[in-house]
Amino acid sequence: MSLTRDEMAAMVARDIPAGSFVNLGIGQPTLVADFLPEGSGVVLHTENGMLNMGPAAVGDAVDQDLTNAGKIPVTELPGASYFHHADSFAMMRGGHLDVCVLGAFQVAGNGDLANWHTGAADAIPAVGGAMDLAIGAKRVFVMMTLFAKDGSPKLVPSCTYPLTGVGCVDRVYTDVATFQVGPEGAVLLETFGTTFDELAARLDVPLRRAEEAGGDPGSS
Amino acid sequence: MTLICESAAEAVAEVEDGSTVLIGGFGMAGMPVALIDALIDQGATDLTVVSNNAGNGDTGLAALLAQGRVRKMVCSFPRQADSYVFDGLYRAGRVELEVVPQGNLAERMRAAGAGIGAFFCPTGVGTPLAEGKETREIDGRTYVLEHPIRGDVALVGAHVADRMGNLVYRKTARNFGPVMATAATTTIVQVARVVETGELDPEAVVTPSIYVDRVVAV
Amino acid sequence: MTLICESAAEAVAEVEDGSTVLIGGFGMAGMPVALIDALIDQGATDLTVVSNNAGNGDTGLAALLAQGRVRKMVCSFPRQADSYVFDGLYRAGRVELEVVPQGNLAERMRAAGAGIGAFFCPTGVGTPLAEGKETREIDGRTYVLEHPIRGDVALVGAHVADRMGNLVYRKTARNFGPVMATAATTTIVQVARVVETGELDPEAVVTPSIYVDRVVAV
Amino acid sequence: MSLTRDEMAAMVARDIPAGSFVNLGIGQPTLVADFLPEGSGVVLHTENGMLNMGPAAVGDAVDQDLTNAGKIPVTELPGASYFHHADSFAMMRGGHLDVCVLGAFQVAGNGDLANWHTGAADAIPAVGGAMDLAIGAKRVFVMMTLFAKDGSPKLVPSCTYPLTGVGCVDRVYTDVATFQVGPEGAVLLETFGTTFDELAARLDVPLRRAEEAGGDPGSS
């Protein structure tokens, strides 16, 4: 069985070490927050200037001065701090975040990331903080479906969409498999309702098994 | 010295045609809506606007855009669910767009305020947004050379000012305000209230008075 | 995650020989004397120390210098009325000295913390301290290219920490602390007291917990 | 009659516009604070991270956490703010201070400043914030005696001591005269107990009278 979005988020949450400083980007990756175990000590950063962000705000807790990077009202946990945008991005770009989780249009076997522009001629380009997050965090996780709606793979030998960052992705969490990517190429770590052979047949990117890659790439 | 203004109209009275205007806010948080509305009434046109987004709904920056007063937008993320005003103008070729990674937007304004001539930056290397820009390898990592973004005017939304112009902000509405205040020749601030000098905790002032030219409580 | 230590000795236990150690303080204000004393006991040697001054009297940094544990000082202003320990070592050729303009010292550490590869800076152009450095004219002004200063360890004196490691400072004792905290692999902080998480005002936190590795109340 | 140090400080204070943001460096220039008229609205900056610094602290007001750039205990005025060193020097280097007053070993007619190093072989070099102040403030005033103890002039055709900044000084306030310096060379603005001819004879730097220089260089 392939994973639901929530199950994918849970897989990502599982691989975030306790006490990490983490940025969950916008959209789907923000689901990861719901699956961090209680007492994990994970501190969430939001690019718009806050550490120790809490869950989405509901009811009376909604405050238009307190939103996440997706402009969704959120809450503040004890021990939070606020800072301005240059300080926030200095934190990202200076390599202080342990993990960043992003969505993607495409990831290449070498870790190249394309998640800001489809390259379509009539698309209005919008990058936000994606390029800063892509190069800033110590480890970058991507969370996406492995195949686009038209069935084309999103884990590719080389990105055809405009790049967000070069060789910046470490892990790819998808609905049917988890991969390690980087200078050594793509390594299959886990499958969900599919097999190495099925995936190797559908993907153009050269794929190795974790056992072949050596070491224990699954460890954090 | 900081001028405490009676109205937003007085605060923005001297903005000139052709100015580069830095506008604070991240979405609506920290957006200086009263100052933008006053700028719409004031009439300055042919503006270059530097702001993270390109307007939401029909108010604030979106309204300024709708009036055709913006020649060019410099921003990181124009595309939002409710950015239909900008989207329409852009597709009609009636506004220029320079997309800048959000961190570069902040750091380039910080550089303008801090007297930095240019800086080598890790963001955007190998992407279309670095095309044509100088790159350099330093200690084994590749960087792109980025230059300051200066404003003639900054419009900032803060929370409280004292009569000298010291500012504090509120939660994530702080965002670009403190950086823009340093990067503009004239910084104009809207606040929820103005308190007597001495009422703000000197340890908690975020924008010191030196960066603030005009303040209006709205 | 920040470790709240029982003693200054525990806080500095892992400093290694040959480390670059950033030491906060401007004169004695903000000087982390307890951490320096603990470092003296701990024994790490062959250190490069980055600090605004080169020690006052016989305590703190001066005592570390007197023990012959510092190979090189990087500072803006070694010469003070009571810097006799450094003066003697320097004249005897027993310590190297790199003099850096104070603003460059701060900005180069800020660059290290912010991921900036290098920056063009207006300070020192045409002076002996820019000799041999790359210069460039940008928009009619000449700048010198300056590179980051990174620390293996930062020793910082702050005022209050919460248990997560968020910090506030006191008056001008703030000085280099917040910048050094961002520029070192391991940041070790002495404070007057540690309070429960949630007791510091999130709007007034100066150094967020992400930059703080070890805290000790002294 | 030549001016005392206090009288020199008063002359500098006279030329600081109301409401200016001012840095008084260390040593003699800090005397200027005592001569700013009440209600001038001048805000003093100290490089170690403070705006709206008050007078020197005495008695119980002495606080080791509150000093000026010369490490002398000072006080805090209402409306003060504290910031860290990178922010403090960004303020200086970004050109936000209106006036900076510095001491000097030598000033050249073109505005070059030498005030950090005598060039003596055995001197321990120490620059502090002098180079940042020299290039940062909108206007740089120097306050010094015109002649060294050995009688040699400190306003010179070209500095022989190592430079602090190039062409950065606007005004020179001395015990016997006030000068404008800069790209147009040295212009004598005022004399105290001496004359243009006497000074022209003792100085090697070409000297013009304010009337010859045209305009009204004495205005602020």
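By letter and in written order, the chains are A, B, C and D; residue numbering begins at 1 in each of them.
Here, contacts are C-beta pairs under 8 Å (C-beta built on N, C-alpha and C of every residue); 3 or more make two chains touch, one makes a residue touch a chain.
This one's a predicted model, so the numbers in the text were calculated from it and none came from an experiment.
Quick one: how many steps at least from subunit A to subunit D, stepping chain to touching chain?
Each step joins two touching chains, and the minimum needed here is 2.
Once you count every C-beta pair in contact for both, which comes out on top, A-B or A-C?
More contacting C-beta pairs are found at A-B.
So which chain is farthest from subunit A, going by the mean of the CA atoms in each chain?
If we average the C-alpha coordinates per chain, D ends up farthest from subunit A.
What is the distance in Å between the mean C-alpha positions of subunit B and subunit C?
Centre-to-centre distance between subunit B and subunit C: 33 Å.
Please compute the C-alpha centroid of subunit A, do the same for subunit B, then give the distance between them in whole Å.
It comes to 29 Å between the two C-alpha centres.
Measuring from the mean C-alpha position of subunit B to the mean C-alpha position of subunit D, what distance in angstrom results?
The answer is 34 Å.
Please output the residue numbers of subunit C that touch at least 2 other chains, ranges allowed.
107, 110, 114-116, 121-122, 169-171, 202-203, 206
Can you list the subunit A residues in contact with two or more other chains?
Residues 76, 82-83, 89-90, 92-93, 136 of subunit A each touch two or more of the other chains.
What graph shape do the protein chains here make by touch: line, ring, star, complete or other?
other
All pairs of touching chains, please: list them by chain label.
Touching chain pairs, listed by label, are A-B, A-C, B-C, B-D, C-D.
Would you tell me which residues of subunit C are touching subunit B in their complex?
That would be residues 107, 111, 114-122, 136, 138-139, 141, 143, 147, 168-171, 201-204, 206 of subunit C.
Using the touch rule from the top, collect the residues of subunit D that touch subunit C in their complex.
Listed in rising order, the residues are 46-50, 63-67, 71, 76, 82-86, 88-90, 92-93, 117, 122, 124-132, 135-136, 162-166.
So in the complex, which bits of subunit B are touching subunit A?
26-30, 52, 76-80, 86-87, 90-91, 97, 99-107, 109-110, 121-129, 169-179, 206
Please name which positions on subunit B make contact with subunit D in the complex.
1, 110, 112-116, 162-164, 166, 182, 197-198, 200, 202-203, 205, 208-211
List the residues on subunit D that touch subunit B in their complex, please.
Result: residues 18-19, 21, 41, 43, 45, 51-52, 76, 78-83, 89-97, 136 of subunit D touch subunit B.
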